[in-house]
Amino acid sequence: MTQPLRTLRLAAWLGWQLETNWASPWLFAIYMVVKPVCGSLMLVCMFYAARAAAGAKVPAEFLPYLYVSNACFGLIGTVMFGLSNAVVTDRERYRMLKYIYISPAHFRTYFLGRGLARALEGTVGGALNIAAGLLLFADLRRAMGGEGIDWLWLVVFLGVGSAMLWAAGMILAGACLNMSRNGMFLSEGIGGVVYLLSGVVFPIAVLPVWIQWVSRALPTTYWLEGMRRALMGPVPADTPILRGPLADWSNAELAGMLALTTAGLVVVAHYFWRWNERRAWRLGKLEENAGV
Amino acid sequence: MPSSLRLFVDAARARTYPRVAWLFRSRTWIFQETLLPVLGVAAFAYSYRAMQAPEAYTGLVVLGAAMTTFWMNVLWGMGAALYWERDAGNLELYVMSPAPLMGILTGMALGGMTTTLVRAATITVAGVLLFNVPLQPTSWWALAGVFLLTLTALYGLGMMFASVFLRWGREAWHLVNLFQEPVYLLTGTNFPVSAIFPKAVAVVASAIPLTAGMDAMRQVLFHTPGIFPVWQEALLLAVLSVVFLLLARRLLRNLERRAKEEGKLTIRWQ
Amino acid sequence: MPVMDHPPAIRTDQLTRTYRLPRKRWGKSPPADGPAAFTALDGVTLEVRPGELFGLLGPNGAGKTTLIKILTTLLAPSSGTARVDGLDVVREADAIRPRINMVSGGESSGYGVLNVRENLWLFARIYGVSTRTAYDRIGAMLDVVGLADKATARVSHLSTGQRQKMNFCRGFITDPKILFLDEPTLGLDVTSARAIRGFVREWMAERPERTLLLTTHYMAEADELCDRLAIIDRGKVLACDTPANLKKRVQKHTIFELSLAPGRNGWADLGKLPGVHQSTANETPTTVEVKVLLEEEPVIGSVVQKLVTSGGHILSLKKVEPTLEDVFIELVGHGLGGDKPADRPSGGGP
């Protein structure tokens, strides 16, 4: 039992060191704030551009929807991209992946540890992003101040969500085991697809019906809906533009569906990782370098 | 002994080769380089649709996504390139060779442009077809001219980044990452800059070639209001191209000197 | 054979290189009592004549690679001067580069997505070698190193040794006037290493103006190939001469090799015996290999007596001719493999 814990601790420590020790603490703090806030501000600019062009048709509630969704999605992006990046850099740059593989450390636990470091970074980034939004935009203050944060559901969604994040990250990291350095771009691309299908910047009702069913098969859709509800309360009934097919679900139904789809994702991640690990071992990909 | 110009051309052609070869040899590039970015673009297009913005706004997103691929390539394929080359053990071979480093960087730029052009073209065609983007350019020639000037200025900037990032060592990776979102914001990747930013901010943002380039192309394609008239933005891009290329050359020499003094040309894993 | 009436192919004068140690980050700084800088080369003065095959011998961290990096224009000296083919490495680096090339053994380079031939072609082209000439030379070189059947294999699919062979070819296809080989046979099998040594000799014999600077850990390789050698340790050149002359330094001593049964029975104190100039030992699980340099041959009697009275069990004893390793031990105090020096009185003997 101590071996997996030691692996977890060391991997998390290593991940944190690699993420942070490249810069002075001040530069790192700027990095933690600027990146997510600028991403959200771009959406805010889109909102105002659309409002300027379409007038009153765009409700004020659209801005907090965009902002909070995007801030929460940052956590998904950080962990998913972070895990595949861990595979690529450990193999291509530090050339340590093969040594970790042959060590007594549990390979998957090692990546869980690396993911923990990224999750911490993503959580802090997300919180800072929302804090900046609260400071800058009255619409966001109104939305989050209305019913206040539902801490119980926030903990529930974050708890189940962490299993979802790890599973999603392991699927991408597994794929990267068999890919060259370009695996990093794959994970970014997949991140974009999940961004689309989970309805981060629009309610999924806008999507064609058959795509909506794909969205409803993804745990990220339920997680984001749950996080929005926990932070801002349910979508107001007088803004039909923001009401998607999940608007009438209760929090318990959302959490149940999130748990169910996450369980499915964990099973897929388990087998997909195992298959990729064996394939990489068979093809000698664990130590292959391919610079372009 | 071959002339400097000949060596420059030979080096550029040789260094273009691995990037273009990768395009034909990577079995996953069609999936990862074209299909995935198109789906990523769709999120913003649907967002505008949900907000009932005019159809031309979807065009802004598609053009923004296509041009952003070049920015990504400039950052990751050019800016971080010398850093990757050092990690792969190739940088010292290039520095030791008689080929000018600018030739090597030009090769990287040409190779990167070729592969990225395919990606950008796919995004554009797919975006236009999927979202019925209305295209009524005032002049295809003006569009082509502005596009080429934008690429020249962008890759000139990329060459500059290559020197700077190599000197910053491992920080480069994070700095590339750090620059991504602020640049998306300042360049107006998904929205018309002049409609949102105060004039002063828009003017400052125009120092990034992507801002001026996209603004001019949007004016030509979608008749959106611009920061400056198209011809002025074209002129600005031409000036930026020259400035960036000259600065890149100077910085590269400076980098080589400093890196040799500090012994950073051959130390890996920084 | 060296061309005598030309300026030196390589010349260094009081060449020094220091590295600053890492700076403070995240509140962690290096130990306060530790040095702020590390000296890799310390006043190295060397001269290599055109046409010469010159060797650099030294343990890990001796400064060999730093010296090569300075000479190949990759690293700036901290002080002193270095000239390659009469040109200054700092001010005339651009003029030096077309004349040189380097092979660094044990390091991999190249593009995994390209095959062997394409990689070599790429590196030939950046030297301005035409495609036709490059392909001719690549074909010939791949035959030399036994890699012809892998010409179209992607580099990412090659073994470490095969990558090293490709790397070796890269150094020759530009036909440099001065070539730097840094541990070229490191990690290669015996047959490949022999083929490479043979090729290096032929390559040097082909044109008398070619110069080659070789660093190696393998004493026999240095002895077999080099016209002259410099022994370097901790950034300083300790000796520089032909292998024969270097060996003469220890020829005044008689050398015996003894093989002992394991155990610390007397051999550690052999250096203290009168008439024993130096004694080194290498412990293996099954034996202790002891080498003694004696002022006079009859001193071997005292050595044997000391070992026997201390309970040592001598398995074999033989008189040997001096090798470069003996020279190295004489100068550095230990062997390249880390052989332990036995105690000896100050002043080197009675």
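When the chains are written out, they are named A, B and C in that same order, and each has its own residue count from 1.
Throughout what follows, contacts are C-beta pairs under 8 Å (C-beta built on N, C-alpha and C of every residue); 3 or more make two chains touch, one makes a residue touch a chain.
From a predicted model like this one, the values you see are computed outputs, not experimental measurements.
With centres computed from CA atoms alone, B is the chain lying nearest the middle of all the protein shown. Comparing mean CA positions across the assembly, the chain most remote from chain C is A.
Note on chain placement: the centre of chain A and the centre of chain B lie 27 Å apart, centres being C-alpha means.
Averaged C-alpha coordinates give centres for chain A and chain C that are 52 Å from one another. Per-chain CA centroids place chain B at a distance of 45 Å from chain C. For chain B, residues that reach two or more other chains under the stated contact definition are 18, 22, 26, 88, 90. Multi-chain contact residues of chain C (touching two or more other chains): 108, 110-111, 113.
Contact of a single residue of chain A with at least two other chains is seen at positions 180, 289, 291-292.
Those residues of chain B whose C-beta lies close enough to touch chain A in the complex are 18-19, 22, 26, 28-29, 31-33, 35-37, 39-44, 46-54, 57, 84-85, 87-88, 90, 169-171, 173-174, 177-178, 180-182, 184-185, 188-192, 195-196, 269.
Listing the residues of chain A that touch chain B in their complex gives 22-23, 27, 30-31, 34-36, 38-39, 41-43, 45-54, 57-58, 62, 66, 92-94, 179-180, 182, 185-186, 188-193, 195-196, 200-203, 206-207, 241, 289, 291-292.
Residues of chain B touching chain C in their complex: 1-2, 6-7, 10-11, 13-15, 17-18, 21-22, 25-26, 88-90, 92-99, 103-104, 257, 260-263, 265-266. Only residues 17, 19-20, 69, 72-76, 94, 97-98, 100-102, 107-111, 113-114, 118, 121-123, 125-128, 170 of chain C touch chain B when the two sit together in their complex.
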